[in-house]
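Dropping the structures in below, format is structure tokens.
What follows is chain A paired twice: with chain B in the first complex and chain C in the second.
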Partner chain A sequence: MEISYYPGCSLKTSAINFERTALSTLEELGIYALELPRWNCCGVMFSQSADNLMLQLAPARVIMEARETGRKRLLTLCSMCYNTLKRSLLFFKRNGEKLKKINAFLKLEERDFSAEGVEVIHLLTLLSELDTSNFKMKIKKIKSNLKVASYYGCLLTRPREIALDGVENPQIMEKLLEIAGFQTVNYPFKTDCCASFQVVNRRNVVKKQIRKIVTSAVRNGAEIFALSCPLCEYNLDSVQQELAQEDETFTPIPVLYISQLLSLALGQDPKLNDFSLHRIDPRPLFKEKGLL
Partner chain B sequence: MSEKNLMQKIADSNKSVISGVDDLDIELWIKIYFLGREYRVPAGLTIMQALEYAGYFLTRSCGCRAGFCGACSTVYRIKGEYKLQFAMACQAEAMDGMYLVQLPFAPAEKRVYSLDHEEYSANTLLKYYPEIARCLSCNTCTKSCPQGIEVMDYINAALRGDYKQVAELSFDCIQCGLCAIRCPADIVHYNVAQLARRLYGKYGMPQVKNLNERATEIEEGVYQGEFDHLVALSNDELKKLYVEQQKNKEVY
Partner chain C sequence: MAINLSREIVHSLEREKIKEIGNTNFYLCYQCGNCSAGCPCAEEMDILPHRAVRLAQLGQFSRLIESKAIWVCAACITCSVRCPRGVDIAGFMEACRQIVLRTRKVDHLSPVELDAQLLKELPQIALINNFRKFTG
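On to the complex of A and B.
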């Protein structure tokens, strides 16, 4: 099966290991993700402003590119790209007037922007649609007793209209991890925000939030985090290190993209992971658990 | 040759080509507007030639006259149309009803860096030109580019650290600055692209053996004698040499 794929900027730089492992996992399961021939930044944040349409241009262009491929579905890996693109698509579906305005702006470019005929889909949804038994058959490192805490953050399940699973207690990551032979842990803060871009100028806010999330996950037995957002990854990974330096009782645990764990379970080349991109090295733990 | 003579020679070679035109021979005339005045000029001239025909002696907003240097950025609007348009004055034809503005230069920011001390990563472009993260993907830059470059696309490539794509997409840039003047996010596209091309040239591109050998020869002064010889020639001698060289030129 072929699907259009929108990478997003981080997936080509700091989260290149996310892209590599996700694409190789999909390929193993018979899905070929074809990168859009031309794409721009998704716009980073969905604009809450109702009338500043300039801020909708970036996602609108991505949607246009996706439509022009002729394939109905557009795959995203990054939670933020998913959130922005899907909300923008919904915004234009509901606001014909705004869509007309964007088309008037794009007139000179001779392109036709429409919100119909394209669907934004996240990696997790795509994976969960697959035939479970086929997935199970391909798992090579069966029954790892690694305890994984799924971290959804705020972008995958909020707002409700674009949520890829239940808003209160999503299970989509847990189900995938269990199919791949991992143990999952339950903890109450998996859909809390990581404090996002406040890491730029209000690091203390992020620290407070990360301490709460990590401490809770560790107390519930987690040995590692699985997520799908490069910004959450950065915040959890870099801030945990700082917390550990300040406080001896704080236990930092590695932070990985869910596709990295799936790729390892499928027995793919560990080099795809480029573990040097992680500040908290997960390799000792993987060796201990027989995954490396 | 003294400095003054050399400069005079360069100035001579850059003179306007319009002289000895009889108004009676001209069949088609157009009207252009410049600095608040209307001028009647022959149809078919470039914008730059039209301004010179109108009597202006251009000391700014003109350079190579061949579409390479990017000095003659022009903003114009055609009478009766709403759209602002952009061109190089030496390349675009003057049209009837043009309101012309010649930009002397783009007062855009250019950061100082040393290539030897830079890391070949996406963050280097963001470090010197953080504005690129403000790109709205409006594509105004692309629409203003007289070279037809996909400017917005190379800024997006810069954001994800794709040096190769920035270098390739921006290769035809002549740094006229129109993109930077139009950008609602105040990005200095052409300087971002220049930094990217420099870094790509130094760290990304495969090294070319012949080029390195030739550069070494030039540094060692192998061709200095020939340069000195050319500079010392008179105008007539240079012309003769040029004609000879053109005759023998290999056609490819």
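On to the complex of A and C.
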């Protein structure tokens, strides 16, 4: 099966390990993700300024590119891209007037923009649609007793209209991890915000959140985090390292994109993961658990 | 602090602006406090989210606009999904920030003044996101 794929900025830079492992995991399961021939940054966050249409141009252009491929579905790996594109699509479906305006603007490019005929889908949803028994059959590593805390953050499940699973207690990641033979842990902060972009100028707000989230996950037995947002990844990884330097009672745990774990379980080449990108090195733990 | 509830203040222009930019009717709020209870940034705020909404209902926009709270908000949408009255508080917060950015024309943060080392380290997803919230 072929599907259009929108990478977004991070997947080519800080989250290159996410892209490589996600695409190879999909390929192993029979899905070929074809990168859009042309794409631009979606703007990272869906614009909440309802009156400023200019901010909808970036996602509109991505949607337009996707439509032009003729394939209905557009895959995203990054939670933020997913949120922005999906909300933008919905925004134009609901606001015919605004769609007309954008179209008038884009006429200069001689292209036709419409919100119909495209569906934005996140990696997690795509994976969970697949035949479970086929997935299970392909798992090469013996059942791992690695205990994983799924971290959803904000944008996979909020607002409700674009949520890919339950808003307060999503399970989609846990289900996938369990299929791949991992153990999952329950903890109450999996959809709590890490304080996101505040890391640029209010790092203390992020630190407070990360301490709370990590402490709770660890107390509930977590040895590692699985997630799908490059910003959560940076915040969890870098801030944990900082907290550990300041306070020796703080236990940091590695932070992995969920596809990294799936790819390892499928027995794929560990080199797909550039482990040097991790501040908290997961390799010792993987070796101990027989995943490397 | 004394609150001026004159007709002009309560019916000021900002109230329509906030409704329009934030695309939400904050008059629906009945002050249950759910939004503040779940807000991950509440501790750092000078005015809690439900109080910010109340101030807006009473037309006290100058206090809102001077507040630190609107800049501490991480736009996580937790408040909006939990509001029993369907108020989009995250949108409301954005509208308050936008009013400041648009009318005062002073950015909340100046990218050129950020520490060079930090700029190198931060992924672009953090920077773009931040600049879109804090610069006009």
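Just so we're on the same page, the second predicted complex is superposed on the first by the 292 of 292 C-alpha atoms of A that agree within 3 Å, B and C clash if a C-alpha of one lies under 4 Å from a C-alpha of the other, contacts with A are read in each partner's own complex, and residues count from 1 in each chain.
By our rule, contacts are C-beta pairs under 8 Å (C-beta built on N, C-alpha and C of every residue); 3 or more make two chains touch, one makes a residue touch a chain.
The shown structure was predicted, so the numbers you read here are calculated from the model rather than taken from an experiment.
Q: Looking at the superposed three-chain arrangement on chain A, would you call chain B and chain C a clash or a fit?
A: fit
Q: Regarding the shared-chain residue A:172, is it in contact with chain B (first), chain C (second), both, or neither?
A: In the superposition, A:172 contacts neither chain B nor chain C.
Q: Applying the document's definition of touch, where does A:264 land relative to chain B and chain C: first, second, both, or neither?
A: neither
Q: Between chain B and chain C, whom does A:49 touch in the aligned arrangement: first, second, both, or neither?
A: So A:49 only meets chain C here.
Q: Just to be sure I read the superposition right, which of the two partners does A:38 touch: chain B = first, chain C = second, or both, or neither?
A: first
Q: Which partner chains sit in contact with A:13 here, chain B, chain C, both or neither? Use first/second/both/neither.
A: In the superposition, A:13 touches chain B and chain C alike.
Q: Can you tell me whether chain B or chain C touches more residues on chain A?
A: Touched residues of chain A are more numerous for C.
Q: For A:58, select first, second, both or neither according to whether it touches chain B, chain C, the two together, or no partner.
A: Only chain B is touched by A:58; chain C is not.
Q: Quick test of understanding: once the structures are aligned on A, what is the angle at the Cα centre of chain A formed with chain B and chain C, as a multiple of 10 degrees?
A: That angle rounds to 80 degrees.
Q: Mind working out whether A:109 is in touch with chain B, chain C, both or neither, as first, second, both or neither?
A: After superposition on chain A, A:109 lies in contact with chain B alone.
Q: To be precise, I mean the smallest distance between any C-alpha of chain B and any C-alpha of chain C in the superposed model; what is it in Å?
A: After superposing on chain A, chain B and chain C come no closer than 5 Å at C-alpha.
Q: Take the contacts of chain A with chain B and those with chain C, and give the residues found in both.
A: Shared contact residues on chain A: 9, 13, 41, 43, 55.
Q: Spell out the part of chain A that touches chain B in their complex, as residue ranges.
A: Interface residues on chain A, with respect to chain B: 9, 12-13, 38-41, 43, 54-55, 57-58, 61, 108-109.
Q: Spell out the part of chain C that touches chain A in their complex, as residue ranges.
A: 20-23, 40-41, 43-44, 72, 74-78, 80-81, 88, 90-91, 94-95, 98, 109, 114, 118, 121-130, 132-134
Q: Considering only the defined contacts, which chain B positions touch chain A in the complex?
A: 121-122, 135-139, 143, 152-153, 156, 159-162, 184
Q: Write out the stretch or stretches of chain A touching chain C in their complex.
A: So the residues of chain A in touch with chain C come to 9-10, 13-15, 41, 43-45, 47-52, 55, 78, 80, 154, 158-160, 167, 191-193, 195-202, 204-205, 208-209, 230-231, 234-235, 238.
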